[in-house]
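Dropping a structure here in structure tokens format, bear with me for questions.
Labels run A, B, C, D and E following the written order; every chain starts at residue 1.
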Amino acid sequence: MTERVREILSWYQSDTPGTRANIARLLNHGTLGGTGKLVILPVDQGFEHGPARSFAPNPAGYDPRYHFDLAINAGCNAYAAPLGFLEAGAAEYAGEIPLILKLNNSDSLSGGKDPCPAITGSVDDALRLGCAAIGFTIYPASAARNEMYGQIRALGEEAKRKGLAVVVWSYPRGSGISKEGETAIDVVAYAAQIAAQLGAHVIKVKPPTAHIEQDAARKVYEKQQVPVASLADRVRHVVQSAFNGRRIVIFSGGEAKETSAILDEIRGIRDGGGFGSIIGRNSFQRPREEAVKFLKTVMDIYAAKAK
Amino acid sequence: MTERVREILSWYQSDTPGTRANIARLLNHGTLGGTGKLVILPVDQGFEHGPARSFAPNPAGYDPRYHFDLAINAGCNAYAAPLGFLEAGAAEYAGEIPLILKLNNSDSLSGGKDPCPAITGSVDDALRLGCAAIGFTIYPASAARNEMYGQIRALGEEAKRKGLAVVVWSYPRGSGISKEGETAIDVVAYAAQIAAQLGAHVIKVKPPTAHIEQDAARKVYEKQQVPVASLADRVRHVVQSAFNGRRIVIFSGGEAKETSAILDEIRGIRDGGGFGSIIGRNSFQRPREEAVKFLKTVMDIYAAKAK
Amino acid sequence: MTERVREILSWYQSDTPGTRANIARLLNHGTLGGTGKLVILPVDQGFEHGPARSFAPNPAGYDPRYHFDLAINAGCNAYAAPLGFLEAGAAEYAGEIPLILKLNNSDSLSGGKDPCPAITGSVDDALRLGCAAIGFTIYPASAARNEMYGQIRALGEEAKRKGLAVVVWSYPRGSGISKEGETAIDVVAYAAQIAAQLGAHVIKVKPPTAHIEQDAARKVYEKQQVPVASLADRVRHVVQSAFNGRRIVIFSGGEAKETSAILDEIRGIRDGGGFGSIIGRNSFQRPREEAVKFLKTVMDIYAAKAK
Amino acid sequence: MTERVREILSWYQSDTPGTRANIARLLNHGTLGGTGKLVILPVDQGFEHGPARSFAPNPAGYDPRYHFDLAINAGCNAYAAPLGFLEAGAAEYAGEIPLILKLNNSDSLSGGKDPCPAITGSVDDALRLGCAAIGFTIYPASAARNEMYGQIRALGEEAKRKGLAVVVWSYPRGSGISKEGETAIDVVAYAAQIAAQLGAHVIKVKPPTAHIEQDAARKVYEKQQVPVASLADRVRHVVQSAFNGRRIVIFSGGEAKETSAILDEIRGIRDGGGFGSIIGRNSFQRPREEAVKFLKTVMDIYAAKAK
Amino acid sequence: MTERVREILSWYQSDTPGTRANIARLLNHGTLGGTGKLVILPVDQGFEHGPARSFAPNPAGYDPRYHFDLAINAGCNAYAAPLGFLEAGAAEYAGEIPLILKLNNSDSLSGGKDPCPAITGSVDDALRLGCAAIGFTIYPASAARNEMYGQIRALGEEAKRKGLAVVVWSYPRGSGISKEGETAIDVVAYAAQIAAQLGAHVIKVKPPTAHIEQDAARKVYEKQQVPVASLADRVRHVVQSAFNGRRIVIFSGGEAKETSAILDEIRGIRDGGGFGSIIGRNSFQRPREEAVKFLKTVMDIYAAKAK
């Protein structure tokens, strides 16, 4: 147990030893084990975007075992997926990598501007499948946000009592904000704060832009001269917004894009004190060997000293 | 146990000894302990307004431990916050100050004129975290008010059975009234009455203005010549409206403003028989030392005889 | 919060903040508050021995309010009693002293050499009455011990989940040992260990004698030269037997006896590192003024440095 | 994941992925991780034999943290203990070693020839404390055996549903057999079979002697010429009796004895195909450095090829 | 679905379709499928008599998979075993043969003349493992019979609600009768009646002798001239005693004996209208090929017309 992991665990003293042990499992597994940094493979796109959009670019990914194997071989800290994908491999890969069961998911077959995912798994499913954590998506700025907040409140309470960790995907989206606002620095920082206040142990947000969405916020950012020019600045502010860095905040990879652009982004996250990345499409849509190499490069960046 | 505290406790004879003991804990802790007056530090603005708007003016406040420490060192009667903020310090500060778990919260990322907060904590969370009370916000005048009233009914019933006190933030807001009406004397008095009728032990309202919102009310105020000219008059009327002073009514500090203006307001509350203040932004957005000094001044005012 | 109390709380890191706060309440109340020492008033003798045997020597004690008042005025850390006695005063004295609800009790109207108390209260009763802890008696060496161990297992799990502390009276008694063995050093140390292994936060045992009851134990005490000559030696060994001093161990006053003998015993307990006393008959069977004075003398001894 | 661990996991295909992952955790942790062999540190003697008999030979062991530390530093696969001992360290050592919560325990303060332990922990306690498995002792040959079999049936079912592994200590003892019969080869083999039929994933028995206790069994052993001359022979037969080696069978170290005798025994267990040892008194009653060295020697023997 | 199976199912019209479907599964599987006859392989001897006595004669039987394989290859209608044996193969052989989970079992390590098995499995275990039925042993004539009757009442109720069939092993044994009486015709007929009255769908008894145990019964058998001379006579009477043949009654093979003797017995059972056999030791203690051949011969007898 490294000093850094011990330090991180000290932030969760209200939690049971079981929950703390599962946070430790996330932090201690894989290539980055012990560094306090995490790279997690999430594969919920089959549910969220449909199979062809998700897996046709690299058809090996239609097979649920592919993602277990990728996460294990690339040295990820954990693998996160919905019920079906985990059920389709949890026995075969039992004990090989910490698992996160995504307890809610949205499909793209019906829409509306105010998303609210369906509950698609339970805490007892997570125990049965041997998971270290539950995952849950909230959409702050959706008119349906209260329903999601209430759901994670109940699921989080149960998960904590049963010794699991709670990972919250906090993605502002909906009629309360503009499209550009979804990644605005004020909104992403706010999203991190909301997840932390809801009791998340690990918070996943999108890399923020320098855009400021809300007028009331803009006044404060300007008056207090909160630095938001570089990605590192913005990540630093988001991490600060998650209990002054006393909650684990990781960043999504977002849409597939140029490798060099992603790696620059990773460097920015690292330099701003981000705890790591959760990279789906940019991993599993590449050919396997390339994906492994790519993920290892990402891990190398996190393992290196921040500038 | 002072005579005054004994007198206050005598108003709650239908409650269990556990609830009464927790009301006593709120009344007996801190600098004002035993006086029957309370100054409570609430920090839910991170959730309600976002992190930068809340904490950038005094960045130490990003750290959840800061507020425990501030409340303890300033001699407050209690500290109130949402789940995440309490989880992030309840173990470290166990037993040092009575805690109030805010069980519902609203964020500012989506709006609508008829607010309804999300449920973000449970009575069992409050027990687990060692709280003396649950806190709950209702928005009378919101079209969604019945949902909130029904929620606090159920949560309050459970809290009382389990020996906790119930603190209700009663903030009229929504399509039923004008913006100015939110602090109108008739509306604030009405909000205090509603909270009391819903079974609150402690009621938090905003300092009322002399504006009268409802025509039906205006006729009575004029006919019966209810004095509403001074803040003390209005506070006296609000306290009267909360079961003739047999429920604890405290007043929010509202938006950050000039210190002297706040202190004048505090004097008015005191002179009108208000039981105290719950001061968030005006406390934690100041530098720590200034905040402690400010809160002590507030407490001095409450400790002094009313004019 | 003193350093010593902080140190003691650090032994209970697997517990919820609520439980830790209640342990802190026990440690921080009364004359000895903050010293890490405790003097608790227990009054279950009315149930255990009958009213006349308990209260005729000082008839004021027939009134349940008497004991609340005595515990408060003498500056005790807590008052422990069965359901009826607490119900008969918990409202009147709400918030004035930490309460411990004894959840099981034996009467003397029927016997047998293998005692097993009746369950006479619940964890929810303790919450309703505003208690800081539940109390439970086990009789190791009784043929019915497994029933008691199973009961405290379940009650302790529930109490901890709901934020209460667990106090176990561990009194070896029954067909497994001799009468003399009930206070034998090996048996008392064993009783402390059993209570600790069952998950007690606070353990109450009787002051041990130098007698060694079990042959298998005697061999070890002799071979390892465990010092048991003085009471301080024996108390030190009992405290060591409760997780090397990392559980709070307090000692009963036992049968009424000469004041000077009791005070000598208290000094021995203190010098051996005992955490305090739980003194019933020797307190409430004296006239009130004498009892208060006596308890204050006991507290003075605990407050003084150990030799 | 080694081939051998994969093979072992293949025996548990009726179990949930959660249970299989926890079996994998036991097999993959520590010095022997991946070999399919286990050395587990069990410390329930404080409860079973009393504190002085257990810890006076090496007083550091009075402290619950000592055993976590010993198990971790010696490279054991897991640490097993009753509720109190785990609660007193599970937070501090969260995530550092797989834990096994012993759910039943017997003390030595009362006897009778037909032992039946008390239930002292729950499956939910195991989850809360972050355990990989529950542990449970049965005493075949006790007149109270049915009570124990019924208890582990229920606890095992719950543990499996919640993703935990089940470790059964199967120690024949009681009025059904002689003292010598407790370690008789027929009885130990039978005890292993019973535990396996009750659904145990891991079975702990005592090293068997060549004595045959039951007449009906003797006839078969003689007729079928089952080899029982050497310890390796007997271990082979016990392992065969646990579903032809398709259940993990480990052997207790028993009473403290000469190191060379123990190591010879370990070699016999290894040569007979035993899966490992669970060594309590022979570990923690030695000085720490010696204990670590001793355990490492044991592990070296298991890591070496069987003769 | 043959007419005969339809006829048999018509006897169970109070049962749910699920239970009826499972009775049909038992009747329609294997070589005798559709004939209304059954040959079931039961293997609980590992638990009941110990591993060596059960499996040393044919060591392949130590492996739980052996019995699944034997039952399937011999064309049995079902395979019955305790929890551990089914867990160790139910996944590998899922869907290949109807399973019966024996919910109670006795070991031979302690005795007493009034046997009462331990509960070793649950109805939910049976569902989880994909069983068609639960199995349960009662010992009429044991002083503990009421405990067993009460257990099967509750388990049977649950099994029926959940759509399983109930198979009762009804073996008179205990202080109420002589050793010879265990297979007396009056006693076996009585045992069949008790099982039927307890709600069994399938009843297993031992082949009865011509001995009459009870005086009160003898008078009636003599007066009414109930034929009991031949095995066929006696079987006819036992089947009649099980609701005039409207419950499925099958007969155990008993101790290993000469093949020709067994086959004669089978013919007697067939000629008396018995529904089949449940043959354990006489099957699995033979070498595999011989066992398969033997079982096929048994099935041929049942398939042939009765004389």
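Everything below uses one rule, namely that a residue touches a chain if its C-beta (ideal position, glycine included) is under 8 Å from a C-beta of that chain, and two chains touch if they have at least 3 such contacts.
All values derive from a computational prediction rather than experimental measurement.
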Topological distance between subunit B and subunit E, in contact steps: 3
Farthest chain relative to subunit A (centres taken as mean CA coordinates): E
Chain closest to the assembly centre - both centres taken as Cα means: D
Self-contact between copies subunit A and subunit D, residue sets same or different by half: same
Longest centre-to-centre distance from subunit B, chain (CA-based): E
Distance between chain centroids, defined by C-alpha means - subunit A, subunit B (Å): 36
Approximate Å spacing (C-alpha centroids) for the pair subunit A, subunit E: 56
Centroid spacing, where centroids are CA-atom means, of subunit B and subunit C in whole angstrom: 40
Contacts with two or more other chains, residues of subunit E listed in rising order: none
Topology of the chain contact graph, where touching chains are joined (line, ring, star, complete, other): other
Pairwise chain contacts, counting only pairs that touch as defined: A-B, A-C, A-D, B-C, C-D, D-E
Residues of subunit E defined as touching subunit D within the complex: 46-47, 49-53, 55-57, 59, 62-64, 82-92, 105, 107-112, 116-122, 124-125, 128-129
Parts of subunit C lying in touch with subunit A, wherever the complex brings them together: 13-14, 16-17, 161
Complex interface listing, subunit D residues touching subunit E: 11, 13-15, 140-143, 145-146, 149-150, 153-154, 157, 172, 174-177, 186-187, 189-194, 196-200, 214, 216-217, 220-221, 224, 226, 237, 240-241, 243-244, 246-247
Residue ranges of subunit C touching subunit B (in the complex, touch as defined): 1, 5, 9, 13, 16-25, 27-28, 86-87, 90-91, 93-96, 124, 127-131, 161-163
